[in-house]
Amino acid sequence: MGEKNKLLDYYRTMLLIRFFEEKVEDLFRRGAIKGTSHPATGQEACAVGACAALGKKDYVTSTHRGHGHMIARGGDPSKIMAELFGKESGYSRGRGGSQLMADFQLGFLGSNGITGGGLPLATGVALSAKLRHTRRVVACFFGDGASNQGTFHESLNMASLWKLPVIYICENNLYAMSTNIKNSMAVKNVAERAAAYAMEGVRVDGNDVLAVHDAVHMARVKAKKGDGPSLIECATYRLSGHSRGDPRKYRTAAEEKEWEAKEPIKHLRKLLLKKKYMTGKESTAIRKEARQIIAEAVKFSKRSKFPDESTLTEGLFA
Amino acid sequence: MREITYTEALREGLREEMELDASVFLLGEDIAGYGGAFGVTRGLIDKFGAERVINTPISEGSFVGAAVGASLVGSRPVVELMFMDFIALASDQLVNHAAKLHYVFGDQAKCPLVVRAVGGAGRCYGPTHSQSLEAWFVHTPGIKVVAPSTPADAKGLLKTAIRDNNPVLFMEHKLLYNERGPVPRIADPIPLGKARVVAKGEDLTIVAYSAMAMESEKAVIELHEHGLSAELIDLRSLCPMDIDSIVESVKKTGRLMVVEEGHRTAGVGAEVACRVFEEAYDYLDAPIRRVASVDVPISASPPLEQALLPSCEKIVTAALELIGTD
Amino acid sequence: MREITYTEALREGLREEMELDASVFLLGEDIAGYGGAFGVTRGLIDKFGAERVINTPISEGSFVGAAVGASLVGSRPVVELMFMDFIALASDQLVNHAAKLHYVFGDQAKCPLVVRAVGGAGRCYGPTHSQSLEAWFVHTPGIKVVAPSTPADAKGLLKTAIRDNNPVLFMEHKLLYNERGPVPRIADPIPLGKARVVAKGEDLTIVAYSAMAMESEKAVIELHEHGLSAELIDLRSLCPMDIDSIVESVKKTGRLMVVEEGHRTAGVGAEVACRVFEEAYDYLDAPIRRVASVDVPISASPPLEQALLPSCEKIVTAALELIGTD
Amino acid sequence: MGEKNKLLDYYRTMLLIRFFEEKVEDLFRRGAIKGTSHPATGQEACAVGACAALGKKDYVTSTHRGHGHMIARGGDPSKIMAELFGKESGYSRGRGGSQLMADFQLGFLGSNGITGGGLPLATGVALSAKLRHTRRVVACFFGDGASNQGTFHESLNMASLWKLPVIYICENNLYAMSTNIKNSMAVKNVAERAAAYAMEGVRVDGNDVLAVHDAVHMARVKAKKGDGPSLIECATYRLSGHSRGDPRKYRTAAEEKEWEAKEPIKHLRKLLLKKKYMTGKESTAIRKEARQIIAEAVKFSKRSKFPDESTLTEGLFA
């Protein structure tokens, strides 16, 4: 695939994520869906850049903020949306909700409701991949907040010790819920923590899909060579609240503005126009198409049935 | 009497104890400016400052462990666990440390520690944000377990828990936060281990706690319409447990039903049933009935979540069946 | 038949399954060259190499978590927890992940994972190296719990646990490791959820598991000397639990005693009692009796440890009392 | 106290620890005591050097290998020994055994059976000390193995973030049970991990009581000034097995020999003789005195009663 098509592809996927999350927020506001959800608005470049650098057989583990990762990995927006609606046609048949979906055929091993919970899972997946001589690589998404969990330390240490093929991808969006990294981390950047595991730690602009892609690409090459794990910190920002109903009082309007100016889709759009990979008209068409996919997802979800109560006790054990 | 919400009652309890005792401080994720995920600590930072309302990194194991350490040397930490499900990350600190240190080290060591944990389902938060894990700690000698169901109890029991010289797991229920009820402005602490008789009755004893006490209260009213008079006992604290009040009631009614939101197997209900069976065997006119959550993870989807949870309707049905077995 | 120890039986089970299935590997602290704190894995490194017998750093949370991850993608990890007490450090990984993933993600996700945990007291190891914490996991839907009491069961059940496509907590008991018993050279896997009737009897049903099955066996012999015939059922697996066999026995004997080493309150015994009460109420001629550990931390001092633990003597006394209540 | 008396004091205490541990191993061999125990033989300089640098009102948290720390802090060898015997006169009335003893009057807040369990406790003690404006400092002992626990990461991060008065003292004896640090840590030295918490990490010769003392002294000054925590790695070696019955097959005879040559008591003894702080005769007297204390501890323990069964349920709650 040439550069043009690649970039257009990223653009399409990033828009899809953006519109998906905006629609979800809207549906919550209107009471159409219940529970809660954590939108990835503004962090699209991390998910898309990272997933674009992976191979088909690679694995991905995700977080509570996982819709974007799943879409970037090729997940079906309709099945994600249906899961949010609690419908039988959702990825987890309504059992998991926003924080627990998986698509093993895509190597997408699940979002995760426990902050830091994905880190040891990914490490173990990489251990298995290595033991089975698969040459597969694991991409493990997590947040700045998650990097304060003990599992971060334990997992990165083991992965480095055993030279596991895993790429730890931290989306540092400056906050864990309302808590600024200044108040949760003794060091400034998550990447600084890599040295404690004799691991390379790089920090990239997480709003630049190409920068993310390139960093993950290099880490993947390294992992496949048997040279072990990497830690990549993607500097980004969530444009929305932490979860639904978050008034975001812990952030200043100035800070939000600053980051809005840096948001990744605008950035990529400019690049596409500049490089003449896309005309204004084509851009409009792409946006329209993305919106249609989302509208279709909502329709699909609304049309779908709730799981039948009689299924409640099905499938506790395999 | 003025009515306030469960949330406000908890906040009042915290505020009053912090005013009374400078050694009380709060620790947890997003409890300062944000006021906690459910708003319980909202505003307390303004009154008590960042020294006493401390935001932590996401490190459940160690901030609970740090609270245990602080409690050993003269502080009275009150920790918030945003969701009770996360207590699994801190159970070593509670079970292998807090619960054992006084027994092992003797009077020199006390752990006046409260862990406020937000439990319960009903809001479609899914498998890892809806659990009721109190049974683990009821099974652990050395830690008290409290689970208020009304605003008045929330305040009174929290005050007692904070003053207690032992580790206390204080279980709040997310469905109760917005419930209103009368709470005295000057509230006495409520002793742990004294159940509350919510309704007097003759035909059947229902034992419940936390949100299920509320649900059972509705059921008692419905049962009245069926001509049945149920006695409802709200346990309030699971350890110590007021077995005497239950036994006394069962001696009168001859029938017992235990309602809990935790999973059925090896839950709190099994213990209550067993104790009554041991101590009031001869008075029982029918098998003891447990109403509890079905033994599968708690789905996010509304109909599945509801199918799993005990409810007023299920309590009524079970009660009618129980009476029928007479 | 040849007799081997419980340790040797476990080792044989591991070796055979590792030979049969290349996806089985072992993970844990000091299990490679050292062979594990209790020697169960001794020698396996020589046969299978460092790729399949992996020493971990002291990081219980994450190596159990890693095992869960590995199990999701085609491996069958068998993890050793040097002492069951440390399961508190890994309970998030078991409860919030392993136990839930298959139910939530459906058939695409399976966790064929075994956690071997060394439980039990009796060796004066003190409060944090002697606990029996199985009740937590019996209370957790989605994880199986197995607790063999003989060498033959140790081997047969371990083989089954490894082949099972679900997370299994496999509880070993440190006092059993040196026990000898007949073990077939070619052992069939033993199905989970089938209890073993150790002794037939008429007067009383005793239900036990793990080391307490052995202790109860001694008690049955003593009771014979008192002219009493007790039926002893070894549960073998606590989840799934073979309630039918217990109920059947109780229908015959009319009396039930449950013996467990875990703490009494909200333990496994409460669940067994409750189930029998629910399903065989009309057949019970006496209250159900629980014999369990006293609800305090497990002291290192020999007399205190013994005072806390159930024993043959206590079982006999309780049985005589139970018969006396007739 | 002049240098001479200080050094003699260290020497006395180190010998006391050595003889205590040797006696305990002997008692195990002869079946006189039950359970298990982890001797600190060879690591005496860490305990003594660190405790000597602390103030009376400071706090200490310890590990499973805690007899030495306790003796160094002024704990009564008779009450420690009686605890190993499971006697009522032991520090924990027989309830704790080797791994669970405390003497709060000495600020000794307990040994700990959970590897890594002391780290968050110490952090919390330091938090309380700070909140109560006590100017007290906490010394937290732990092993190289414990530094792989998640609590290490979580605790050091919080302590650095909040500038807590705590000194993390790692006794790196190269092994966690049978596991060499090469097989458990991705980095070579524990001190390298400090940077991940914006904390100073120093590595000292843990068999040199003065080096340990000086490092802890400096860390304490820093902590009292409000400048936060430190991580001190003491390079040392246990001369005995991990716990009773350990055949030590995971170590070579050459390695053991090498470290025996470096063992701390010999080292200090030479210094004392060289500085003429002690004659050969005085040395003999000191050794004899230490042995007597231990013999007395054994006598005391043997004479003491076991706890009465009736006390079993006493004191579960305060």
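Residue numbering begins at 1 within each chain, and the chains themselves are lettered A, B, C and D in the order written.
Just so we're on the same page, a contact is a pair of C-beta atoms (placed from the backbone, for glycine too) under 8 Å apart; a residue touches a chain by one contact, two chains touch by 3 or more.
Note that the structure is predicted; figures quoted are calculated from it, not measured.
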Using direct touches as single steps, what is the fewest number of steps from subunit A over to subunit D?
-> 1
Chain centres from averaged Cα atoms put subunit C and subunit D apart, in whole Å, by 36
Gap in Å, rounded to a whole number, between the CA centres of subunit C and subunit A = 40
Centre distance in Å when subunit B and subunit C are each reduced to the mean of their C-alpha atoms = 30
Could you list which residues of subunit D touch at least two other chains?
-> 93, 95-96, 100, 113-114, 148-151, 154, 157, 161, 183-185, 316
What parts of subunit C, by residue number, touch at least two of the other chains?
-> 56-57, 59, 61-62, 85-86, 89, 92, 96, 100, 103-104, 127-128, 141-142, 295-297
Taking touching chains as linked, do they make an open path (line), a single closed cycle (ring), a hub with spokes (star), an all-linked set (complete), or other?
-> complete
In the complex of these two chains, what residues of subunit C are touching subunit B?
-> 61, 85-86, 88-89, 91-92, 95-96, 99-100, 103-104, 127-128, 133, 135-136, 138-142, 239, 262-263, 265-271, 273-274, 277-278, 281, 286-288, 290, 295-297
Residue numbers on subunit A that touch subunit B, as the complex places them | 34-36, 86-87, 90, 93-100, 113-116, 145-146, 148-150, 176-179, 183-185, 249-250, 306-309, 311-313, 316
Quick one: in the complex, what on subunit A touches subunit C?
-> 59, 61, 92-93, 95-96, 100-105, 109-110, 112-114, 117, 119-129, 131-132, 150-151, 154-155, 157-158, 161-162, 315-318
Given the complex with subunit D, which residues does subunit B contribute to the contact?
-> 23, 25, 51-52, 54, 56-57, 59, 61-75, 77, 92-93, 96-97, 100-112, 141-142, 144, 165-166
Give every residue of subunit B touching subunit A within the complex, in rising order.
-> 29-30, 33-34, 37, 55-62, 85-86, 89, 123-129, 294-297, 299-304, 307-308
